[in-house]
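One structure, as C-alpha cells, below. Some questions next.
The letters A, B, C and D name the chains in turn, as written, and every chain counts its residues from 1.
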Amino acid sequence: MHLDNPQQLIDWHDKIIAKQKKIKKKILVCCGPGCLANGAQDIIDKFKTVLKEKKISGFTVEALKETGCHGFCEQGPLVVMEPKGLYYTKVKVKDVEDIIEQSIKNDKIIDRLLYNDPQTDKKIERYQDIKFYSHQKKVVLNNLGNINQCNIEDYIANDGYQALSKVITSMSPQKVIDTITKSGLRGRGGAGFPTGRKWATCRKVESDTHYVICNGDEGDPGAFMDRALMEGDPFSVLEGMTIAAFAVGAKQGYIYVREEYPLAVVNLQKAIEIANEKGLLGDNILGTDFSFNIKISRGAGAFVCGESSALMKSVAGEVGEPRAKYVRSVVKGLYDRPTVLNNVETFANVPIIIRKGASWYQKIGTPKNSGTKAFSLVGKVRNTGLIEVAMGTTLREIIYDIGGGIIDDRPFKAVQTGGPSGGCLPASKLDLPVDFDSLNEAGSMMGSGGMIVMDDLTCMVDVAKYFLGFLVNESCGKCVPCREGLYQLHALTVKVSEGKAEEADLEKMEKLSEMVIIGSLCGLGKSGPNPLLSTIKYFRDEYMAHIRDKRCPAGVCRALITYKITDACTGCMACIAPCPTNAITGKKNEMHVIDQELCTKCGACFAVCRYDAILVS
Amino acid sequence: MKHNLDKLSAIFNRYPQNRESLIAVLQDIQKEYHYLPEEALQATAKTLDVPLSKVFSVATFYNAFSHYPRGEKIIRICVGTTCHIRGAHLVQEQLENRLNIKAGSTTKDLKYTLETVNCVGACSQAPVVIVNNKYYGHVKVSDAKKLLRSK
Amino acid sequence: MVNLTINGRIVQAKEGEMLLTVLRREKIDVPALCHHEAVEPFGACRLCTVEITKEDWNGYSNYVTSCLYPVEEGLIVSTHSPKVNELRKTILDLFLARHPNSPEIRQLAADYGVFKTSYETVVDGNNCILCAICTRICDTMGFHAISTVGRGHGKEVAPPLHQVPPDCVGCLACALNCPTHYIEYTFDNNYLTIWDKKFELMVCSRCGKKTITKEFAEYLSKHRDIPFSYFEICDECHRKELAATMGQITSWEREA
Amino acid sequence: MNYRFIVRPNLCTGCRTCELACSFTHSIDNIRGITRIYPLDGGFKDLWVPVTCLQCEDPACIKSCLVDALRLNPETGAIELNQDICVHCMACVAACPFGCSIFDKQHDIIVKCDLCGGDPACAHFCPTKALEWKPIEVKKKKVAI
C-alpha cells in the first residue's frame, strides 16, 4: 500500500493498533549486538521451529519480536515477555521449550532464568524493577527493546511517522527549525553544536541543492549506541533525516555506516525500501510535492571518516582526508554544496521532539543541555550495556546505580568518555553531571557516548598508550602535527611504560601535546592528545611511579612487572598447560615455579589460577 | 594468481558507474574474493572511469581492504578500548605466537588470517574474537588453542 | 578590498584571497613546504600557521594555516608570535626526526634554531615529507599517474600497485617541484627513467638536442591540439628556422 | 592607447644591444637572466633577424601548459608566464614552433618575452629602431612584424 495523503497514514495507524490489540502475549527476544554475539539468533530460530511444531492457541509467530538492543547486554541473551514485563536473562537454546511450555502456555515463571540482584541476592521478575533500568530515562532508545527491528507497522503503532506527517501538513521549514532550536537539542556526535542553528545556517545558503547526511560512522572504540539505533530502530533515523531535509530544503540524503556494522546496513537498507514503498520516503512523500531520497554509503574502516569533511570525501568515493574547515560544511560540504551532517542519535531525537514539542524536551536534562543521552556503559563495571539517561545525571549515578559498581567490588579508578578524543576522569570527578560543557571543562568530552569504566587493575599509562597507538594507526597522515606528533607521543608513552623515561619526558609530552592541538588540521589531531593530557593531569603519580620507581602500580606494563607464584599455590597444575612458553614447572600438589627468563608476562597463568596464588609485582 | 573475473561485471552492474560507487564496488570485490586482486582494481578503474592511481589510493587508505589473498579461517581480534583493558592484546599475542604471524597477515599455507578490528560494538562481551563471522565473547588467553580449532 | 593588520601594519587585500598570498606579496617570510601556486592549497605542513584575532574577539586568538584562510576585514595577524614560532619549531623538530638527512629540512630547521631533533629518530625515514605537491600537480596536469598510498605514519607516494605507472608520461613535474628533491630520475643517452619507467626522449632532427619525452609530446599533440611536428625540432633550431624565414622575406622586400 | 611591438629586420645591424637590455632587465638577485630576444643570421649578407616571441593569437605555449601558468595579459598583449605556477615541465619550450619559450639554466626556470610589462627594454635601447614599441590605432590585426 502506498500512502498518498496524510489521512491514509492515520487510517493505517488505527488499523495496526486494532490488529495489535488482538495479540495478548508477546515474546521479545533481544537481537542487539551483545545478545547476537551471545547467540540470540539461535534462540530466535529455535522459537520459530518450536512454535511451528506446537500450535499454541492465541499465540502465533507474529507475537515473537526480534527487537533491537534491550540494553542489559551483560545478562544477554535477553527474552522479555509482555504484557507483564517478565524478564529472562542469559537464555540458552535449550531453555526455549521450557519458556513456551511453562511461561507461555501456563503463565508460570521460570526461576532459574530470572535476574538475580547481586546486592540483595533476590530474584527480580520484571525488568522495570531492576536498578539497571529504573534509573534510566528512555526517550530515544524507547522503541529499541519493544518493536521488531525492521517492521514499519510496529514503528507506526508506536507513533512513528506522526512527526513527519505533522511537519509536512502543518509546519513551515522555518517552524521546524524554530522548534528544534527551542528544544535545545545539541549534536549527539560529540561536540554538541546546537542542531537548530546548524540547520538554520544551512537553509540560508543559496544553492542548487542541499544535502543531509547521517553520520553512522561510530568509530569510538567502546561505543555502540548508534549501531543499536540503526539496527533496532532504523525508521526513527530515516524519519529524523526526512524532517531535516524538509527543514533545510534537501532532496538527497546519505547515511554513512561503518563497515564493522553489517547488520545496520542490512536493516537500514530494508527500512529505506519499505519507506519508499509506503510513500514515506522518495518522490512526493505522503502525496505532497516534497521529495527526499536516502542512499546508504558504507564506510570502509577509517576512524577519521567520522570527521565531517573526511566523511563527505568518503561518500564521494575518495580518500578520507579531512580539509580545513575555515569555510564550514553547512556552507560548503558534500560536492561543495551546503550540507547538514548530524549523527544517528541526533536524527533519532528529531521526530520525538516534533511529536512531543520543544518545551517537553527542554524540560528533560539541564537548561543548556536538554534531553537525554545514550551511552554504552562498558569496561570493568558490573552491569554493562546500552543505557540512556537525562543530561546532567552524575557519573556516580551512572556507574554505581545503573552500572551496579565495579566488577568484584574493586576500587573505581577512572571513567573514560569520548573515545580517543576524550579523557579519563578520576574518582574525584564522580559527582560531575554528565553534559557537554561539564565534561569539556574537566578535560574530557561527551564524544558519541562510550563510557568505559576502569578499576585499579587498569594502568593509566597503558590507556594513554593504547589510545595514542590507536590514533597513530587511524591518522590519515595528511598533516604533520598529527602524523608525526602523535607518533612521537606514542613513542614517549611506550618509553614510560617500559620504565625508560625521564621526568623531563613528561614535560616534553605536555608541550608536544599542546602543539599537536594547536597545529593539527582536523578534530582527530586537535583532540588526539586528550587521553594523554587527562591521564597526566589526574594520574600524575602513576606516571611518576613508572618513571621514578620503574614500577607499574596496576600491574599492566610488562617491562615493569613480574609474575611470581606464592605459597597459596596448591599445585593444581592448572597454570602449566596455558603457559605458551612452558615457563611454569611443578609437580602435582607441589608449589609451582615460574622461570623468569622464559616468562613473557602474558598473564595466562594469572587468568586461570583459582587460588590467587600468582602475584603480579 | 589468475582469477575468474566474470563476477566483476555483476558487481559493477549493481551500482551507477561513477566515482561515488568506488568504495562500494571495492567492498563487494573484497567480499567476493576476500581481497582485492590487481586485475580487479584495474577493471574497476576502467569501468568507473577513475584513474588507477586513485583506485589504489582509496584501496590502501581504508582498513577494510586487503591486498593479499586471505586464509580459509579469518580470525579478527577486537582491540577496542573495552577489549583492550580486558586483555585483548594478550589474546592477540597468544594467537600471533601460535600462528607465528603478526596480526594483519596470513599464514603461508593460507589456512589462517589474523586481523585486528577497532571495536565491533560487542563491548559487554569483551574481549571479543570473531572467527569467520562467529563471535566469541569473554575470551581468555588460554582460549587461543580452542579458537584456532573452532569452525 | 578588505583591510587587515599584519604584524602591526595595515595591508589591503582582495576579497577571497588567501592570507598566505597576501603575506608573500608583502614579502613577509612565512615558511611553507606543501604550498605550490599551481595546485589548490592543502594545509598539510602547517608551517604557514599564523595567529589571528579581531578586535571584538575579547582577547581570544586562533591559529590558522594562512594558505587556506581567506582574508577578512579587520583581521589582526601576527606571523611570528611566540606560540607560532614554537609551533614551527616543533614541526621542524618532528620533521628532523623523520628526515634527518634532508638538506632542505636541516636548513629550514636551523633557521628556526633547531639543529638536532629532540625526539626519537624514525627508523627508515626517507626524505619524502608527504607534502603531496607531486601527486597534486600530477592530478592538476591531468595524468593522475601517482598518488598517496596507505595512510597515517606509513603513508607514501607511489605509482598504482607499486608498479610502473601506466599513466605517467615522464613530464618530470613531480620530481622538479619536490621541496626535498626526493623523487629520483636519471637521464641515460636518449632515455629518461622515472618511477622505474623508461621514456624515449624526443631528439631534435637538426641538431640532436634532447627535449621532452616522446610520450609527453604525443600526449600534448593528442589532447592539446598541437601538431606533433612542432616537437620534432628543438627551441634553438626553431628560432633559427624563424630567422631564416624572416630573412628570406626581408630579402624579397629589399629586392623590391 | 594600444601599442605594438614592431620588428624591422632590415634595420637590424646585429649589434645585440637588445640582448643585453633584455638580459639585464630580467635579472634576478643581480644575476642576469637569459635573453628572450636573439638577433640571428637571416641567411643573407648583412641581414639580421631579431627573433623573439610573436605573442601568437592561437599560442601553442598556452595550449601546452597543463597548469595554466601561461596567460595573456590583455593590457600589453603579452603572453606572460607566472613563475609561481610554472612546474617546469618544459612543455611550452618543446611546443613553441618559434622556439621562444626558453629554459634559463642560470635560474633553473623557463622564461619567455613578457614585453617587460608594457615597456620593452630591447625596443628602448635599439639604436636603429629595428625594434620599436609603438602606439598604433586600434585595428583588429595581428602583431605586425
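What we mean here is this: a contact is a pair of C-beta atoms (placed from the backbone, for glycine too) under 8 Å apart; a residue touches a chain by one contact, two chains touch by 3 or more.
Please read all numbers here as calculations on a predicted model, not as lab measurements.
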#### Entry: Pair joined by more contacting C-beta pairs (A-C or A-B)
A-B
## Note on the structure
Taking each chain's centre as the mean of its CA atoms, the one lying farthest from the centre of subunit C is chain A
### Task
With chain centres taken as the means of their Cα atoms, state the distance from subunit B to subunit D in Å.
60
### Message
Between subunit A and subunit C, what distance separates the C-alpha centroids? Give it in angstrom.
### Response
44
#### Entry: Interchain centroid distance [CA atoms averaged], subunit A/subunit B, Å
23
### Message
Using Cα averages as centroids, what's the distance between subunit A and subunit D in whole Å?
### Response
68
### Summary
Going by residue number, subunit B touches two or more other chains at 54, 57, 61
### Task
Give the residues of subunit D that touch two or more other chains, as numbers and ranges in rising order.
none
### Message
If I count partner chains per residue in subunit C, which residues reach a count of at least 2?
### Response
148, 150-151
### Message
Testing understanding: with touching defined as stated, what is the shape of the graph linking the protein chains, line, ring, star, complete or other?
### Response
other
#### Entry: All pairs of touching chains, each written as two labels joined by a dash
A-B, A-C, B-C, C-D
### Task
Give every residue of subunit A touching subunit B within the complex, in rising order.
33-34, 36-38, 73-74, 76, 218-224, 227-228, 259-261, 297-303, 314-320, 376, 378-380, 384-385, 416, 419, 450, 452, 454, 458, 463, 466-467, 470, 474, 476, 577-578, 580, 600, 602-604, 607-608
#### Entry: Residues of subunit D defined as touching subunit C within the complex
9-10, 38, 40-44, 47, 49, 51, 60, 63-64, 66-69, 82, 84-91, 93-103, 145
### Task
Would you pull the subunit A residues touching subunit C in the complex into a rising list?
302, 319, 323-324, 326-327, 472-481, 483-485, 487-488, 491, 508, 511-512, 515, 518-521
### Summary
The subunit C residues in contact with subunit B across the complex are 135, 138, 144-151, 159-161, 165-167
### Message
Could you list, by residue number, the parts of subunit C that touch subunit A in their complex?
### Response
42-46, 49, 63-65, 68-70, 83, 86-87, 90-91, 94-95, 97-98, 118-120, 122, 129-130, 132, 148, 150-155
